[in-house]
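In what follows, chain A forms one complex with chain B and a second complex with chain C.
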Partner chain A sequence: MRLASYILSRLLQMIPVLIGITIFAFLFIQLLPGDPIQTMLGGKASPEAIEAAHQKFGLDQPLPIQYLLFLRNALQGDLGTSITQRTLVSGLIAERFVPSIFLLIYAMIIAMLLALPLSLIAARRSDRLVDHTIRISGMITISMPAFWLGLLLILLFGLTLDLFPISGWGDDFLGHIHSLFLPAVVIGLATAPVLIQSLRSSLLDTMQMDFIEAARAKGLNPNRIMIRHVLRNALIPMVTVLAVNVGWLIGGSVVVENVFSIPGIGRLLVQAVLTRDYPTIQALTLVFGILVLIVNLITDLTYAVVDPRVTYQ
Partner chain B sequence: MQSSTHPSPLLSIQNFTTEFRSSGGKIVANKNVSLSIDHRRILGIVGESGSGKSVLCRSILRLIPSPPAYVTEGEITFNGRNLLALSESEMQAIRGVEIGMIFQDPMTSLNPVWRIGDQITETLRVHKGMGRREAREVGIDLLRQVGIPSPDTRFDEYPHRLSGGMRQRVVIAMAMACKPKLLLADEPTTALDVTIQDQILALMLQLQEEVGMSIILVSHDMGVVAETSDTIAVMYAGQVVETAPTEAIFNRPKHPYTLGLLQSIPRIEFKVDRLVPMKGQPPNLLKLPKGCPFAERCAFASPDCIETPVALREVEPGHFSACLYPERLA
Partner chain C sequence: MSVKSVALPIRIRRFNPGAWRNVVAGWPLNLKIGLTMLMTIALAGIFAPVLTPYDPIIGDFQNALDPPSWEHPFGTDNVGRDVFSRVLYGARIDLQIGFIATYVPFIYGVALGAIAGYVGGWFDTLLMRLVDITIAFPFLVIIIVILAILGPGIQNMYIAVFAAGWTIYTRLARAEMLVIRQQEYILAAQALGYNRMRIIFRHAVPNLIGSSIVFSMSDFVLNILLASALSYFGIGVQPPAPEWGAIVTDGRDWLLQAWWISTLPGFAIIFTGVAASLIGDGLSKIISQRNTPVL
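Moving on, here comes the complex of A and B:
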């Protein structure tokens, strides 16, 4: 099918970028001053351990060979061993990955639930009081630092009212929903104003289109026109806005995961940086890069599905 | 104005005046417009760009938001009801059901993310409560009626897959779905290639015969309205300056502006798009002159034309002109 071959060609296009990301992650360790193994293993490593590591990473080999070895290991799922945790980095990331993705999707859903009705209201009554109120509230929430808002919510809903846990991510699905509510709200509140602003202007642009006047000439009621005709068109450019924001969110969630002590990759990253756990940092660089690639791929595929004018080539 | 088997006209516009208010002043886009159209007739409205034709059409369906537009005078009576006095929801029951509208640019008047079949059957489903399956059958019939090949597969296609002419056929099918009594066609062929223009006009005439509806056909091209209309109204600077049966407009124009338009019709042997536009510019709608709006460009003008207010007068039975000196054209 056309869509299937489109997906295949997009996957093939990703290969050079993927290679670029692995080279970057590989060189990251090489560029560290001093002997990378010494650095990786820390100052107190025994000479035997250092020797063994040299062998394992093939450090006696020329750089391109070393890269290929690194690539082979990575493809086999071997991303090295964490210095501080003394376990395989791949396992560490795998177990931290789920809470982060859960939080990300949760926060996006909250952001969209806020943005959809508010931007519809803002566009319907543009330049009226409600519109200005929504815009100003957005400016306020977006200018609140995530850690500050997080602490505020912890104090109010976590400690004073005791409605939500203040750390961890719960044991089952409902537990996750409950525990991650406050952090998801923090990220959602930071994201929603951006979504509202772009959806509002996209809605207003669409409302000016000829086919909307044609819809009115068909005697449809304003709500139907707004939802079925205006919104459906205005949502298409939102795919890009969402995608750009996911990249930003992955960065932003690092702070939130730490404030709320969520066992996700953001928290893992901060821990790794603080303890100079280089193999973990290297692996996370790789993972973040691939994550952004995947988001881009999903974005393109979403366009192909939601916009009939997109031709797959 | 015209004899007809029906006692009263389908639509009659009386003394209709609309202005756009802004910080820059008020633009009088329609001034004291009076027109009427009988059942099963075609009324052609012709005039230069900016003469208020679209404002008039959109005002009939009350599509222009207020602000910025304000109707300061007049009545629009359709089938015995004053449209200007109806509530918004009463208007919704008329739009698309009793009065359909076709727009100028078929490339932009269809929703790009809706299948064309769903767009043309939307009024049937919303206003007539038709189910999906029945609406599909009727929709495919409509596509066939407007001359779209293999209508049952075209039904599920998106607009961008169709050419401009095909899209305008879809727009026509969409406006015709509920079999309206009146079709407003605002420059339906202006955006199309010349060869396609004739096909679309022929299609509209054929549908008008079949369905027995009336059409208001707007154009800036005297040639287009001449070929199709029973009656012609000539607009200038927001006003109707002359209206009469087509034959009378052609053979005995009673307004110098109409004469100018007639002289600018391309001869068939030349096949030119538009010809010799008249010298000069229409007046600024922000400050219309007190007297005849055409005075500045008129070859027949005398000094009092600038000062004396003009209004449509019946100069012959069924033939109305807003010129103070229609006899000067004889």
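Moving on, here comes the complex of A and C:
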């Protein structure tokens, strides 16, 4: 019951931000120099098409009305027509969405697989050589430009050793896993240090707690204490760290999708910018903003479900 | 007598070089290493014309695609430019981007957050909604979209970062201000009848700026990475300027014939990134040790 009202209040909180995102996407076309219709229809548009667009977007109406029309169209799934591809933007995004989400989840899993054992080691041997080595390695991987590391991995594992494909995302599930491995590693390596840093410090905090002292006094195996007692409690803040960094993850995936020619929304965005396909850019602005909002919502809800101490306010 | 004892500490701070040496000696090791590394890069950029005889822009076609050698430590690119010289001159561009893109938003980000945290009310609510909307977009995405409006180039890149890069400082400063506002020295300043701007900027800001300074070192790295990614997409610093990311991008089509063009400049970015991370680490150690407020 209280959970339900928490979810409701959380959804209500999203509304002003959602309105802000749509206003920004709407203003995007308005802010461009030149006539918005020319911008949306591209260079060569027939007089009939221009007239129809004037009607549809209500360009003779004041701006607030235009915004409401834009909202109505967007809610009906009409995000305009791509100038370069000559198809509906909504369809274009729908087909590009899956590879991007697949890559994001894959990268997150790799980052977690790196972060869990390394942060456990770093916390158990804090301020020793291993701990310092892990931290310095993190500083190095986080400073690597994603496209540089991508090119390096393509050169080494793709072109020289021929172990992984250097572009595309494969045909079936195993193909996806195989093709997206290098891209996911690039994003994972950039994300893992942030996770390690926060997990290490929350592990160290948890190790100071009384109940851990109690478990030690009972004579439990130290490794068992570390995994069953310390890690389980330290993992909760990690959910938030992952969510805070989702923007960073998505940024990484935009770069990596372009390096590895993965047909995702990040590649679509850059191509649209380079070809001045403004309706597509506008729609993607909306999609990326809403994507981050949804991830944050899911995180907060997971947090509330996982940790019964969270008060729903 | 009492006049002397007040004047003394001020004189030590201004004129005694020994005191300054003591301050440096008290710094954590990673701060010293990080600063040394960053100074090395900065000096390499400043003295690039002395350190290398080659021009970073004009190539020598006769020596195109030469592998690394004593003459060309990082080899040459497809138009015969010395890659090492380009990396040295590139330090000027990338460090400039790192500083400007980080510390311009830093200044008004902290100021806005401090004011919002202190005055509260509609200003605070409005500002925080604006922050929420801005951070709803992934940073790289919002920069790319703004550049789609403004067009490519370093000038527009700065405008985009100034528009989107301040939010984290605002949030940090505001959060700290909410705590500091309740502290006795602020209450004392209020009781003395100082005006709000004086209390905020003279009394509160010096005490809440620590976390923002530590974060700014990560931001410094992120901004250099941003600039290099934008060069990769062709919408950032325009060729033939030797921005580090642009040099890596130049070598993309020559990966198999000339691996050195793309790979070696990347280490300049990593070196700078590690330097900034070490500085950030050291600063956070100093700040967590310091517990007396600056009045």
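Quick note on the criterion: the second predicted complex is superposed on the first by the 307 of 313 C-alpha atoms of A that agree within 3 Å, B and C clash if a C-alpha of one lies under 4 Å from a C-alpha of the other, contacts with A are read in each partner's own complex, and residues count from 1 in each chain.
The criterion applied here is as follows: a contact is a pair of C-beta atoms (placed from the backbone, for glycine too) under 8 Å apart; a residue touches a chain by one contact, two chains touch by 3 or more.
Since the model is a prediction, treat every value here as computed from it, not as a measurement.
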Which superposed partner A:Ala304 touches (first chain B, second chain C, both, neither): neither
Chain B versus chain C as contact partner of A:Asp210, first or second or both or neither: first
Partner chain in contact with A:Leu88 - chain B first, chain C second, else both or neither: neither
Which superposed partner A:Trp148 touches (first chain B, second chain C, both, neither): second
First, second, both or neither for A:Ala52, with chain B first and chain C second: neither
Touching partner for A:Leu220 - first (chain B), second (chain C), both, neither: first
If touched residues of chain A are counted for chain B and for chain C, the larger one: C
Which of chain B and chain C A:Ile21 touches, first, second, both or neither: second
Sites on chain B touched by chain A in the complex: 58, 61, 63, 89, 91-97, 100-101, 103, 105, 108-114, 122-123, 126-127, 158, 160, 171, 174-175
Complex interface listing, chain A residues touching chain B: 209-211, 213-221, 224, 229, 232-233, 236, 306-309
Chain A-touching residues of chain C, taken from the complex the two chains share: 129-130, 132-133, 135-141, 144-145, 147-149, 221, 225, 228-229, 232-235, 245, 248-249, 251-252, 255-256, 259, 262-263, 266, 269-270, 272-274, 276-278, 281
Of chain A, residues touching chain C in the complex: 16-17, 20-21, 24, 28, 31-32, 135-136, 139-140, 142-149, 151-152, 154-155, 159, 246-248, 250-251, 254-255, 258-259, 269-270, 272-274, 276, 278, 281, 284-285, 288-289, 292-293
